[in-house]
Amino acid sequence: MLSAHSITKSFAGVPALKGVSLEIRPNEVVGLIGENGAGKSTLMRVFAGTHQPDGGTLTRDGQPVRLRNARDGAANGIGMVFQEQSLLLNLSVAENIYLGQESQFVRFGLVDWKAMRCAARRQLDKIGVDIDVTARTSELTFAARQMVELAKALTLEETIARPLVILLDEPTSVLSGSDIEILFNRVRSLKSRASFVFVSHRLDEVLRISDRVYTMKDGEVVAEHRASDISGPELHKIMVGRGLHTAYYKEDRQLPPRDEVLVDATDLGAGDTFSHVDLKIHAGEIVGIAGVVGSGREEVTRTIGGFMSHTEGSLKIMGEAVHFRSPEQAVRRSIGYIPRERRLEGLVMFLSIAENISLADLSAVTKNGLINYHAERALATDWISRLHIKAPGPDIACRKLSGGNQQKVVLARWMTAGSRILILDHPTRGLDVGAKEEVYELVRELSRQGVAILLISDTLEETIGLSHRVIVMRDGAVTARFDAAPGNKPDQVDVVRAMV
Amino acid sequence: MTANIDNLKAGGASERRSALLGLARRLTNKRAAPLFVLIALCVLITIANPSFIEPRNLVRIANSAAVPLTLAMGLTFIILLGSIDLSVEGSLSVAAMVVVLLAANDANTNQFGWLAVFAAIAASTVMGLATGLIQTMLRIPSFMATLGVWFIGLGISVYMLGGSAVRLMDPSIRNLALARFAGLPLGVWVALGAFAFACTIQYHTRLGRYIMAIGGGEDLAELSGVNVRRVRILAFGLAGFFFGMAGVLSAAQLGRSDAVIADGRLFAAVTAVVVGGTALTGGEGGVVNTLIGVLIVTILGNGMILLGVSPYVQQTAQGLMIIAAVALSLDRIRLQIVK
Amino acid sequence: ADKPTLVTSIRSLSNPYHAVWKSGAEAFAKSVGLDHVTLVSEGNSEKGIADIKALLAKTGGNMVLNSDPNDTPDARPIVEACAKAGAYVVTQWNKPADLHPRDFNPYYVSHIEFDGTVSGKLIAEILFKSIGGSGGIVALGGQISNTAAIERKQGLEAALAANPDIKLLDFQVANWKSSEAYDLTGNLLTRFGDQVKGIWAANDDMGTGALEALRAEGLAGKVPVVGVDGIKAAVDAVRNGEFAATVTSDPFWQGGMGLSIALQALEKKFDPTTQPPDHREFYGKAVLISKDNVEEYYKTNIESQPTVDWNDLWGRVTGPIRS
Amino acid sequence: MKTYSDIRSFMSAGWLQGAIPPILLVVLILIIEIAAPGFLSGETLMLLLSNTAVLFILAAGVTFVILIGGIDLSIQAVASLASVILAQLLPRIGLWAFPVAILSGLVFGILSGYVHVRLKVPSFVATLATGGVVAGIALWIADGRAITIEEGGRANTAWINGTVAGIPAVVLIATLIGLVAFFAMRYTRFGRYSLAVGAGEPAALAAGINVPRTKITAFAVSGMLAAIAGTILAARLSSGSPNLANQLLLPAIAAVIVGGTAITGGLGGVARTAVGALIISIVRIGMTFVGINIFAENVVFGSVLILAVAITIDRSKIAIIK
């Protein structure tokens, strides 16, 4: 129905797709997996028309097609939910859903906004979510935005009579379990009308929803399987090249923390976001905070990171009372922050790897107050090989790296700055299984070196697996504390009970 | 099985908080702030000099605001895109030049009447479209494309006018400034018409929405199938249309046109747009904001004369007031990054 | 030797005053059959000076320059550059008080000004008379730091001192621009209402802007206006009684005569060093245009190109410049 | 070894893109020489350099602000104020007038930065407004008129108008300022922070950069360089005036952008601005040299600006061209 034949695509001479052939058949869900940077998103963008291939052809229903832009894609019944969210935060939900397709609501040149809102509401009802269509998108949670994206892709259904192809690029990485179920149910019920391509780093999900699974590696399709013929661990091995570690979270390497207390919050509170939080983090200790959106855990981390100021209680960093007014003050106290929104707060995307690594502490590469470019590049080259960062060199702009590699650059920055306290806000979001494993290894290593780590993560498993202790928050207050020594990890069910 | 916990529960606490937040937001609604600044300004000036609220003065304010308002309508669309249009003065002077040279005037024998008005607006619309084409085809920043067009437009009017000031002698066009309807000069009605038209474009058409979308994130708008290039070209054309109207109004008011007829209009217009609360980064604000901004700036000028502020300190006073007005009225919660 | 180039340097071509200046220069150039180049500074002193230097380099100094420097300070570097290159120069309107033609013999031939105090006073008196010798007026000044603006304002003040029954309601600045004058006049009418009996403007651009604001209120012709420069719109307004008067330095004469003086010096037709001081720095004769002489002025200067005897170098000298 | 890797990075950093503005410069010079032979003489080139000095110094200052993603529209008022201060003080305190005048630029630069950063007023409007305030102050200090630097004062400004080893002093001053600015941009923390702030403010903030300080510093540099330009202008014209630097603002910004610095920030630098300033003055002087019809001058200038930017900007490093 839609197929790619020997598609090639390079960015500035670096190949991202090296002759990919792949086929999407009517009424099926195709899984697409591969490490970060394997070329999955690039391939999807070629299907959607937002990237033009350098070579090869696309065929739709056997006919070759040329898609010059997203509009051509849509006209061919191809819709996409992008990996990085593509909603406009300054527009309302309804306006976003029908952006680019308003013509159906136009009467005498004017847009009938009411009709559009009704239609948008219908779309959202179809996927079973209740979101105010007049709300500004910036006011929605990440997960809600993802559902809006899906609704938006599905509007093609109304205008295109042919069977559709809906491309879902990591739609689940920010969704909760229940939302994922809603999504999957919707995908299943739409299969009569559309085919889907589903990209995810969660192999179990891929196997659950897909009929067939393609595996990509370094810009090529290296395997194709019927989902019923293969297991998760087998897929993992094909993808990463080695077997799944039994001790995924490296619990065997979890050492007991040291005595020194690096972070000591007493009765901490900030406005109406959280209050009465007591939190001690020792050198070498990983403390995970569990909690739902709105529990106040984000704000706790952002307060310690210097993005917000506390209004109650006290905060001591390495024994000294502090009151941060900017992240700079936190950085000067040896605190490093790894944000969930890598593109926004993690890296200066247009600067090079070398420049990003040295950014938080230029003293490592300055001589007599002047930046030594040679030393800076050498430092970056060193990190690139130590952390296995996949990049042609230290001068490459970070925006050209895949998510996992970007994350490693952020980590390298804080290691260079000698941070003794690290705040990890969803550190593995969007990373492939292999990359995740490497990040876990790094986190363990940092912990062994005596770094105090505060962790918020996508999954409870990760939180429990990595942490020495787990704190649970709800409605801005701490509701439970669990010890999580190796071999004595708390049960997920108990943790969830304290969360809701 | 991986349990994903981010959003297991979003009810309870967050709902309670969002009600609270909503209340707080309403109390501190910064979006309405420019309106408050405007009202406060009017009250203060009235206290200092009650003739401010005399109907005659209000009519004069409306008259002074007519050209800046029309102009700023066009500029607003460009700023909503996240771009800037420096060609304001060039386009305006071309329109003013065309209208005087084609209508009855004292430099040649043309007498095309209202056709001259259409030609003037068409000329400046074409200049706008050309600007849009230059910007999108050559892929250069609007700042430079429009700076270039500014010089070109000015050069064309200087050439066509031969440096002189040509009088506009067509009585029906002059009536824009001289005749009144319901107490207001016709030019003011035209400006209000321009405002209504701008509102229609912004709030009721695809073009208006696409302009907002591009300002909010050009790459994302493109992913949604918005033809960014076309929208940009149309937006610059639309801006040119408004600049053209403003040029005609200017010529009608002053009864003549010279090449510097638009001198100083650009920065005044940008100031009005920003004071009204439209963000220079694009995607926030709109023509209603601009109406308020234009009124603030016009009334500030009017007020300084009414209060008898010495010309020696007017520039300083105006600078300080503008800083105060913007500082008071910008919606800083939305505008995280101010550039 | 090669023929010298005639060079005119003015602020811009976008105001009527300098446009007429340029036509005077061209009329003169045609009469002597030499090449003529016009330079405009667009209000940018650096550009004005740079352009002159570029032409000095291009002509190797074989040129004469008639310059209305953009601002007072520009005159010194212009004169210095000309003297260094051996070009003959006449400046008009703007020069620092301590810059003198005699210090750059023989190249800095003359400097011509028109006594702004006299013009400002003259039009003020006519304005006062036309409103019957008593009542309120408002005044619109030029760009604050400009010499002509300062002098004309002084003239106004002198006239006010001599006419205690006239009240200056307010003095505002419209930066020589008609659009600013238009808005200002509306605002002043609000503040003073019927008290405004007349409007004094430091130039005709502002005066005609004020006139249009009056017209919008139905007051054109009822509240008389005066200005300086004698631009066509102002002369028309004098003819139909909306302006009481305007006074002109005759830019046509300025544009041609400045070149003529410099060219005759270059051609050694006279020796600048032996000229009396009031040929080196002098006030020219301004022409008053009021309803008494406006029809004649219109015929000779507006309807047709004025005829000037370009060899009558010193015919309009009215005396040395006050310092 | 070190130089080898330097060269390699230079090559990989897209040196061709960096070479385009200088190539354009050379091409323009050749075009003018062909159209008006005699242009390419040592004398005219020296003239070109000295006439570019003030424009370049102003543009170099504003480059810092543009790199952090802002704009500074107050520079011509600040330069004029400095000229007035210099002219007023030279007779009283001699050479000390220079540091005082330059300090005024620093102060008003910091003020602009402060208004922009602390009051969160967009720099476009903040500097437009502070420019108005500064212009008012200049008018007040100058007592509403141009102030001539008399004979006595001129002794203290003569050095600016002189030459050293045949090279005009202004050219040397501009070169020195250019070098210092270049090194500050490339080799100091402040320079690096400026780039980071311009290229990604939230990320720069999260990396611990003091964003307000960096921004205010950029405005301070801009104000200070504007004041230096103002004092040079005053020395060249032997006078200070509240309008002295009028009409220099847009050419200065144009020089920055024509050089290839992104108006959106985060990309570019002072070396590019030097080339941009030379392009602007060459086009200007070239038009006079070639004898372009005075009525066509603006049209030609505007068109060349557009074409020059189209040629010089590095689109691969600009996310979205707005």
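Going in written order, the chains are labelled A, B, C and D, and every chain counts its residues from 1.
Note that a residue touches a chain if its C-beta (ideal position, glycine included) is under 8 Å from a C-beta of that chain, and two chains touch if they have at least 3 such contacts.
For each chain, UniProt lists the protein as follows: A = Ribose transport system ATP-binding protein; B, D = Ribose transport system permease protein.
Model, not experiment: these values are computed from the prediction.
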item	value
Interface with more contacting C-beta pairs, comparing C-D to A-B	A-B
Farthest chain relative to chain B (centres taken as mean CA coordinates)	A
Intercentroid distance (Cα basis), chain C paired with chain A, Å	71
Centre-to-centre distance between chain D and chain C (centres being mean Cα positions), rounded to whole Å	34
CA centroid of chain A to CA centroid of chain B, Å	41
Distance between the centres, which are taken as Cα means, of chain D and chain B, whole angstrom	29
For chain D, residues contacting two or more additional chains	139, 144, 202, 295, 297, 319
Sequence positions of chain B contacting 2 or more other chains	154, 158, 312, 314
Sites on chain C at which at least two other chains make contact	13, 144
Chain pairs in mutual contact under the definition given at the outset	A-B, A-D, B-C, B-D, C-D
Footprint of chain A on chain B - complex, ascending	1-10, 12-14, 17, 20, 200, 204-206, 209, 212-213, 215-217, 220-227, 283-284
In the complex, chain B residues that touch chain C	49, 51-52, 54, 56-57, 60, 63-64, 106, 154, 157-158, 161-165, 167, 177-178, 185, 250, 253-256, 258-265, 301-302, 305-306, 308, 311-312, 314
Parts of chain C lying in touch with chain B, wherever the complex brings them together	12-16, 18-20, 22, 141, 144, 170-173, 177-180, 182-184, 186-191, 193, 205, 208-209, 212, 215-216, 231-233, 236
Parts of chain D lying in touch with chain C, wherever the complex brings them together	36, 38, 41, 43-44, 47, 51, 54-55, 139, 142, 144-146, 148, 150-151, 233-234, 236-244, 246-248, 251, 281, 284-285, 288-289, 291, 294-295, 297
Contact set on chain A toward chain B in their complex	50, 69-71, 74, 80, 82, 86-91, 95-96, 99-103, 106, 109-111, 113, 141-143, 152, 172, 174-180, 202, 204, 272, 290-295, 458-461, 474-476, 492, 496, 499-500
